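Same chain, two partners: subunit A is paired with subunit B first, then with subunit C.
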Partner chain A sequence: MGRRSLPLGLVLPAVALLALALGYPLVRQVVLSLQEFGLAQQFGAPPEWAGLGNYRDLLTDSGLWVVVLRTVAFCFVNAGLTFAIGLGLALLMARMSRPVRILAQCGLLLAWAMPVVAAMTVWQFLFDTEYGVVNWLLTKAGGDFTGHGWLLEPWSFFLVATIVVVWMSVPFVVFTLYAALTQVPEDVLEAAEIDGAGTWQRFVHVVLPAIRPVLLVVILLQVIWDLRVFTQIYTLQKAGGVSKDTNLLGTYIYTLGIKGGDFGTAAAAAMFMLVLTIVLTAPYVRLMLKQED
Partner chain B sequence: MRKTEGKQAVRFNKKQALRSVAVVAVTALLGATSACGSDDGDGDGSKGGSGKAEIVVWLNGADTPDDARAWLKETFEDEHPGSTLTIEQQEWEGLVERLTTALTSTDQTPDVVEVGNTQAATFTTVGAFSDLTGDLDGLGGDDLLPGFVEAGSVDGKTFAVPYYAGSTYVFYRKDLFEKAGVTEVPATMADFVAAAKKLKQDSGQADFSGYWLPGKDWRDGAAFLWDAGGDFAAPDGDGWQATLSSPESIKGLETFQDLYTSASGAPADANESDPVTPFCAGKIGMMSRPGWVYGMLTDEESGCPELAEQVGVFALPGSDGAPAPVLLGGSNIAISAKSPHQDLARAAVELMLSEDYQTILAEAGLTPAKQSYASKLGDDEFAQATIEAASNAKLTPPAASWATVEGKFVLEDLYSRIAQGGDVEKLAAEADEQIDAELN
Partner chain C sequence: MARRTPAPVRVGADLVGILVLLACAFPVYWMVSRSFLPRNEIKGEDPVLFPWRGTLDNYRKILGDADFADAMVTSLSVTLLTVGVAILFAFLAAVAVSRFRFRGRRTFILTLLLIQMIPAEALFISQYKMLDGMGLLNSVIGLTLVYVASVLPFTVWTLRGFVDGVPRDLEEAAMMDGCSRTQAFFRVTLPLLAPGLVATGVFGFIQAWNEFTLAVVVMTDPAKETLPVWLVAFTDARSRGVDWGAIMASSTLITIPVIVFFLIVQRRMVSGLTAGAVKG
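And now, the complex of A and B:
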């Protein structure tokens, strides 16, 4: 029990737990993706090795690439919208009077804290084909939306999904960016103003660089979250629409594995999604690492 | 998973023999286990099969009447003092996926599950259910509905027993028939289609259904496919060949499209789970629903008892005037192979097949699981329609992986797209491809 083993000993439990909590599922998934693993295996039959067969089946299936494109597009549109609206609201919040700000914060917090499934039930009611208030309002406003099926066409399905996802993610961006904005040094802003910098110039040259590290983290998290969006799509698919035309990677993997009972191919698809996430987020991670130096 | 975690951490502590490490590890471990162990607080107390346990029964949808549920719980708990029986209601939609995950876990599996007759094969062929072959005689033997015993059997062993049967028949509004000048209950498929269109025309409302047919309702849509001589798939050598593109099938699917377009006011992407709201809003002239829906329609709180007198029923007629081949609906019950309480679960299944319990089901319009109880349905027009509809009822293809076709919503997608006005031949060919891939 030398002096050197103490720090090591203190670190090891955390490492061991991490290895168990993150490493085990990952290893299991890699193994699974190389096996013929169906329902029978799930209930105890020995799995057969498939080598790279699952990956080959997956990559040669045109269905996957359509889903990938759709997922990436959905991710960037949603992350972009969330970020733009979030930043706008955060800037607005910094200029609000205290009571108004507290009111806005409460509203945002409620949207953020609402359990996804409960929120989805309400959104489904709003967009219901026959009895939805959205159709009713639009009809009152002069359009003919009686019996309009919002989830019927893929594009309007994703419009609804985007509204829901953005609505749910904006509060986090607002809170984080608002917190960052309060840390922008007042004296630098004042100095810039005295030197004749306008509002826009101050924003671009003082505020943005000051909150840059937080911006990067928020964008990174948003991209990851919007890539793996699942519950919202899954619930909307159950409410209506054609599931084959509206699958994103998350629901696609779920369809392969849990609904279709082909866990091997589903695991291979999940590995693919992991690689996609790493590729898409690599630039941000690199930027963040650079900043650390 | 949790156990190995604990073991490794303990071994590790001994090796290090460092108190501080132990504290850190234990704290971390407590954090880790409390996060994932919150939902099975009753897990440990009930193990060991000592005769006292908490039995969990999964029943699906609103099919099983409340009286039957209460009777089952009370009787079971009386007969097994110290044990409890909890009924957890599951939605039919997404049932296969929920069973796939729940049945594999010894800690979380329900003990007794209800499964749709067409879904049973998916689980019986992979060893998810306990073998009930030895108990078959005690549960009813040859008296049990043979088609359902067959649905629950594989390689001569029975893993799931019948729970109830029931096919949908047509509910109609007598007053609306009269108003539209439809004087007789339709006797052939052609009459039926004509009556449905007439009712819709007469109403003059876009969201009114002469025949209520939500776009995703392939289970009722199947009747038109079969009536035209088509089918979903046919055996082909060792495997299966999807047959939705056969000329007969196409004809049937076109009838469905025609009915949806000119007689239904239901959304093209809705399913058949909520007939009560539109019916009670006066938006339905006819609809195909199982008998127990009558109870929901006339319910004081959620239904519209004032319409009860106007409701008539008949079995959907086929092209030849005999009852049309409708989907033979119904359920099987099975015991999870992973359930630690096999004996108590068997006792619960016995109760569910008992005369008392099955009588309650029959009175609610469900065809009992034993043939000798059929008379308990009564002899009113509902019983008549039930018996007629069942006389020509048909099953989905008995392929082992049929449930994944259902689970992946292949048919919901197909019917919904047809309802949206899609090209029937093209959509049928696409669906054939998907079904072939799933079944073989």
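And now, the complex of A and C:
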């Protein structure tokens, strides 16, 4: 192998695999989204061309718009809460005494390391109608929560989902931001203090600018991750939620395509999600590429 | 920011710290402690805080369950295969990106960054159709194929950082001493990369072991479920009375390897995702 072709040979296996497992499905998805899948196709007839029909159906179907709005709202609420709690805890962490800080970090690490499905079963158990400790505690505290079903109403369904998602996401934010905060130059902070800057002013004018790049990355990642929440919604729906009223984009596409067999419309919805993600990801990629140059 | 903190602030911060510990650790404690409780104590009027009269019955039940064993075998096969293939492919690509300047290098890096962000939900419809057409639904190979693709970007990115960290001078010195380029690589660079390969492999293991979305799409046959898919089906209440003790025992069993591995790579996970940004 020549000097020049050696690096190409080295990336070839990775490129070939990505092309097969992601590139080909991507092309196929574009084609799928332009095809019609009905009852006849489920019995083996070749799919018919639908042009932009699937997209038109999707865009005029109020069902999708409700799901999209719900997804975006869920994403912003969760990303916002996660970020606010994470930043608050990271700031407080620097002010805890050493043993407490280590204990808190151990706890966060546990929550972070928990596999999603295991965390989901535990939280389902905690919120269980009959044997859940949450209902027991609230009843002890004076409410009447005996036999209360948390997943039946969409609002309380999403409350539970939010608690779980935030619980799982906060540790990453705390550790990342805490690491960034320890990098803020001490002498600049001291100089600002000597010049009479209060705690708030030091935070706004010294700390925030110093950790700005990390803040941006954390917010972006959080938004992207919370846009694609699937497992939590799927398992909570199985545990008793009403799917129709609680679908987010991920479970919507799944129900439409894998469960319902309408691959054309599902593919069009998936394209929508793909574009949404790429638009949101662009700033992150630009930031990482700047580092590259 | 190790600054002197006024006493009241410190006490307040410590209180929050204790609350954080409780809020994070309690669900984990609940899972483990309930897994040792007999059925009648789980379903008692008031929950018991500590499993004084603990039993291993739940574990006996789960470990004797043939479906659990099947799911364990599937999960282990898919996970180990994914890690093996991903590490090998990513390693080759990482060496190319780190040690060579070639045409398409920048495009390759850009593509990796982009696809790392693509959610499984945005492609699983057509991946399902593709695997269906290839006869690879409900197969370890099929699931491994999509898993490798989803861990590869991060794996290349992380390993490339490790390869960057091995100074070229070392390789060149070995070549001066009479090694060929290949020999220098295998005798000098590769041993220095071992910790990086382990860390990256562990990361891939956690990813594949925990993955749910693609597994539930690809493994539709109950006999071919991975552990996460099996656990969710097992928890699904409506078909039979929920056996919380057994569910908590199996959740604990699934969690243990992850916690152990997680502690090994935790530091790298923080720096991996934001490395560029932290350095500014």
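Methods note: the second predicted complex is superposed on the first by the 239 of 293 C-alpha atoms of A that agree within 3 Å, B and C clash if a C-alpha of one lies under 4 Å from a C-alpha of the other, contacts with A are read in each partner's own complex, and residues count from 1 in each chain.
Note that a contact is a pair of C-beta atoms (placed from the backbone, for glycine too) under 8 Å apart; a residue touches a chain by one contact, two chains touch by 3 or more.
Quantities reported herein were computed from a predicted structural model and do not represent experimental measurements.
Asks: Touching A:Leu208, do we find subunit B (first), subunit C (second), both, or neither?
Replies: After superposition on chain A, A:Leu208 lies in contact with neither partner.
Asks: Go through the superposed model and pick first if A:Met96 touches only subunit B, second if only subunit C, both, or neither.
Replies: second
Asks: Classify the contacts of A:Ile258 with the two partner chains as first (subunit B alone), second (subunit C alone), both, or neither.
Replies: The answer is both, since A:Ile258 touches subunit B and subunit C.
Asks: With the two structures laid over each other on chain A, which partner does A:Val242 touch: subunit B (first), subunit C (second), both, or neither?
Replies: A:Val242 sits against subunit B, while subunit C stays out of touch.
Asks: Applying the document's definition of touching, compare subunit B and subunit C: which contacts more of subunit A?
Replies: After superposing on chain A, more of subunit A is contacted by C.
Asks: For A:Ala73, decide between first (touching subunit B), second (touching subunit C), both and neither.
Replies: Touch partners of A:Ala73: none, neither subunit B nor subunit C.
Asks: A:Met273 contacts which: subunit B (first), subunit C (second), both, neither?
Replies: Touch status of A:Met273: second partner only.
Asks: Where does A:Ala45 make contact in the superposed view: on subunit B (first), on subunit C (second), on both, or on neither?
Replies: In the superposition, A:Ala45 touches subunit B alone.
Asks: According to the stated criteria, A:Ala21 is in contact with first (subunit B), second (subunit C), both, or neither; which is it?
Replies: Once the two structures are laid over each other on A, A:Ala21 reaches both partners.
Asks: Does subunit B (first) or subunit C (second) touch A:Ala84, or do both, or does neither?
Replies: The answer is neither, since A:Ala84 touches no partner chain.
Asks: Using the superposition on chain A as set up above, list the residues of subunit A that contact both subunit B and subunit C.
Replies: In subunit A, residues 6, 10, 13-14, 17, 20-21, 24, 130-131, 238, 240, 254, 258 are touched by subunit B and also by subunit C.
Asks: Inside the complex, what are the residues of subunit B that reach subunit A?
Replies: Against subunit A, subunit B makes touches at 1, 5, 8-9, 12, 16-18, 20-21, 24-25, 28-29, 32, 93-94, 96-97, 100-101, 103-104, 122-123, 125-128, 206-207, 265, 267-270, 277-278, 337, 401, 404, 407-409, 412-413, 416-417, 420, 438.
Asks: With touch defined as at the start, can you tell me which subunit A residues reach subunit B in the complex?
Replies: Within the complex, subunit A contacts subunit B at residues 1, 6, 9-10, 12-14, 16-17, 20-21, 24, 38-40, 42-45, 129-131, 146-147, 149, 151-152, 238, 240-244, 254-255, 258-261.
Asks: Enumerate the contact residues on subunit A facing subunit C in the complex.
Replies: 4, 6-8, 10-11, 13-15, 17-18, 20-22, 24-26, 28-29, 32, 89, 92-97, 100-101, 103-104, 106-126, 128, 130-131, 133, 136, 167, 171-172, 175-176, 179-184, 186, 189, 207, 213-214, 216-218, 221, 224, 227-228, 230-231, 234-235, 238-240, 249-250, 253-254, 257-258, 263, 266-267, 270-271, 273-274, 277-278, 281, 284-285, 287-292
Asks: Contact residues on subunit C for subunit A in the complex?
Replies: By the definition above, subunit C touches subunit A via 1-3, 5, 9-10, 12-14, 16-18, 20-25, 27-28, 30-31, 34, 42-43, 46-47, 85, 88-90, 92-93, 95-97, 99-100, 102, 104-106, 108-111, 113-115, 117-130, 145-146, 148-149, 152, 156, 209-210, 212-213, 216-217, 220, 227-228, 231-232, 235-237, 242, 244, 247-248, 251-252, 254-255, 258-259, 262-263, 266, 269-271, 273-280.
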